[in-house]
Amino acid sequence: MLNELFTPSVQHALDIVGIFVFAISGALLAVRKNFDVFGIAVLAEVTALGGGIFRDVMIGAIPPAAFTDLGYFTTPLLAAGLVFFLHPHVERIQVGVNVFDAAGLGLFCVSGTVKAYDYGLGLTASAALGLATAVGGGVLRDVLANEVPSLLRWDRDLYAVPAIVGATTVVLCIRFDALNAYTSGTAVVTAFVLRLLAMRFHWRAPRAWNRRSARAEESPAVI
Amino acid sequence: MLNELFTPSVQHALDIVGIFVFAISGALLAVRKNFDVFGIAVLAEVTALGGGIFRDVMIGAIPPAAFTDLGYFTTPLLAAGLVFFLHPHVERIQVGVNVFDAAGLGLFCVSGTVKAYDYGLGLTASAALGLATAVGGGVLRDVLANEVPSLLRWDRDLYAVPAIVGATTVVLCIRFDALNAYTSGTAVVTAFVLRLLAMRFHWRAPRAWNRRSARAEESPAVI
Amino acid sequence: MLNELFTPSVQHALDIVGIFVFAISGALLAVRKNFDVFGIAVLAEVTALGGGIFRDVMIGAIPPAAFTDLGYFTTPLLAAGLVFFLHPHVERIQVGVNVFDAAGLGLFCVSGTVKAYDYGLGLTASAALGLATAVGGGVLRDVLANEVPSLLRWDRDLYAVPAIVGATTVVLCIRFDALNAYTSGTAVVTAFVLRLLAMRFHWRAPRAWNRRSARAEESPAVI
């Protein structure tokens, strides 16, 4: 069973960490959008659990883990409470939050890919669902906040690429029968470090060639 | 079977009432957004059935009741037709619509919780899905209309709290083996009355403490 | 088996064509919104596969065909690559793209209805899911791009009606035991031609009668 790459308690602890940091990012956006305490809690839950719920629905893992594991459900509420009371302090450690968010990205793209493969999906589909697990919650967060998903915007540091690299590493390991705690840990760290580097050096992805609106990027009011 | 709290025909009639009033709220928003007749019908369907469909997908009740019960599907079309032809008159009775919407909120948070529990989910997860059943359609309605979900906005009267109270009452009754037609009816009425009071006295939920943007609430252009 | 209306290879080829043209429309919107190359790929995937994934989740066809057929998954990436490198040329043949999009609409409303019926849904629900298959991807595309879905807007040429006519034709044929390759092909062509006519003659659907905001349509800044 691939699911037993790590001992269950280690895997569960890593999941909770990922859920917590994603929930923080959702709660912070909710505060910036001036939402009330329930809006903060809802956005924390959706950001933390949305990607995993989408994956579980796609692979038929019903009910999704988010509804069967009480820890998965209550962790975002804890994060929402922290942000509610300590918002300026959490904002101040934004860099720290981003580092943890990068860790969540690495953990989820790997565990999402492994779970999808365990449920019988092909290698490409498993990698795609690993990516969806990692970035889906953030997309839902931005849609609910009525903003263009930052995943899609060209003026944000690379976010999808680290997750794609992590998920691809996992499926290559599966393909060559080399997936174990060591290689999957390497995949997590690779995605994590790539995301840190993307933030540090503001790596961005190119936009379409020869866009007619190429001049737009010079003007201040892009998008 | 918890599902048999009420006789099936009573339960079905209550569901249809809830679907109808939610559909009215979707159709009214569609008219305000200047959508055409199909946009009105789509927004009525999504608002009325979205929460229940989400719950049914989560608990594995496939296909969702919305696709197996012709009455569930056609009721929103009736509501859309009414709003299409009689829009100013429906607007005029907005207070009446709000009262019915509050009734729908109460009915759906209770029936959603009971159905989730019947499908084997835990108490907390059942309450969460009861809440999602009650408010999910409204969130989808606002997302499709490209607005910030009114559920999340601080400047709207309490909407989530009555549903949370109703769903929590139900799971407490289940926990203490006291769920019957009388207690679940009480939960419906409690949520209903709480929502009416929230509208009457403009109860609102607090926003994050010490928000940096605290001055924003003084300015006219909030959010 | 209704699924065998056409030979499997013909059906698959038609599906790929529909997926490709829908992906082009998603990728073009992504370029217009200034998304980066990953945003273009994501929007192409979502537009092309979203409607079918929604239908498959509703009818319990898990995992959805989009995750089991490698061709369904890679075709949108091809479309995204084409738009990425050849954007101005694709824009130039916008009329051609619209014609193919109309073909995709016709194909998907028919094949979606047939698949839903094959999975045991009723006639009305099957037609509704056929419509959802045809238009769902476009709605998701617009939601992710943070725009009001063009499906709902009154100032766009009819899009839902051709799909409704196509899906209704199919369920009528099923009802009267007359569904075969010939009649379902006729349904595809009917929806296709209706959509072409709607674009050619700018057919639009009416908005609500007696809207208070009726004067708004005279002003330039509608919606």
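Labels for the chains are A, B and C, by order of writing; each one numbers its residues from 1.
The rule is short, and it goes like this: contacts are C-beta pairs under 8 Å (C-beta built on N, C-alpha and C of every residue); 3 or more make two chains touch, one makes a residue touch a chain.
Here the structure is a predicted model, which is why all the values come from computation and not from measurement.
Asker: Mind checking the rotation angle between the two copies, subunit A and subunit C? C-alpha superposition, nearest 5 degrees is fine.
Answerer: 120
Asker: Please decide if copies subunit A and subunit B contact each other with the same set of residue positions, more than half shared, or with different positions, and reply same or different.
Answerer: The interface is built from different residue numbers on each side, given that under half of them are used by both copies.
Asker: Report, in whole Å, the distance between the mean C-alpha point of subunit A and the mean C-alpha point of subunit B.
Answerer: A distance of 29 Å separates the two centres.
Asker: For subunit B, write out the residues touching at least two other chains, lowest number first.
Answerer: Touching at least two other chains: 57, 143, 146.
Asker: Where on subunit B does subunit A make contact in their complex?
Answerer: 57-60, 119-122, 124-125, 128-129, 139, 143, 146-149, 151-154, 160-161, 204-213, 216-217, 222-223
Asker: Which residues of subunit A touch subunit B in their complex?
Answerer: 30-40, 42-43, 53, 57, 62-64, 67-68, 70, 73-74, 83-85, 87-88, 91, 143-146
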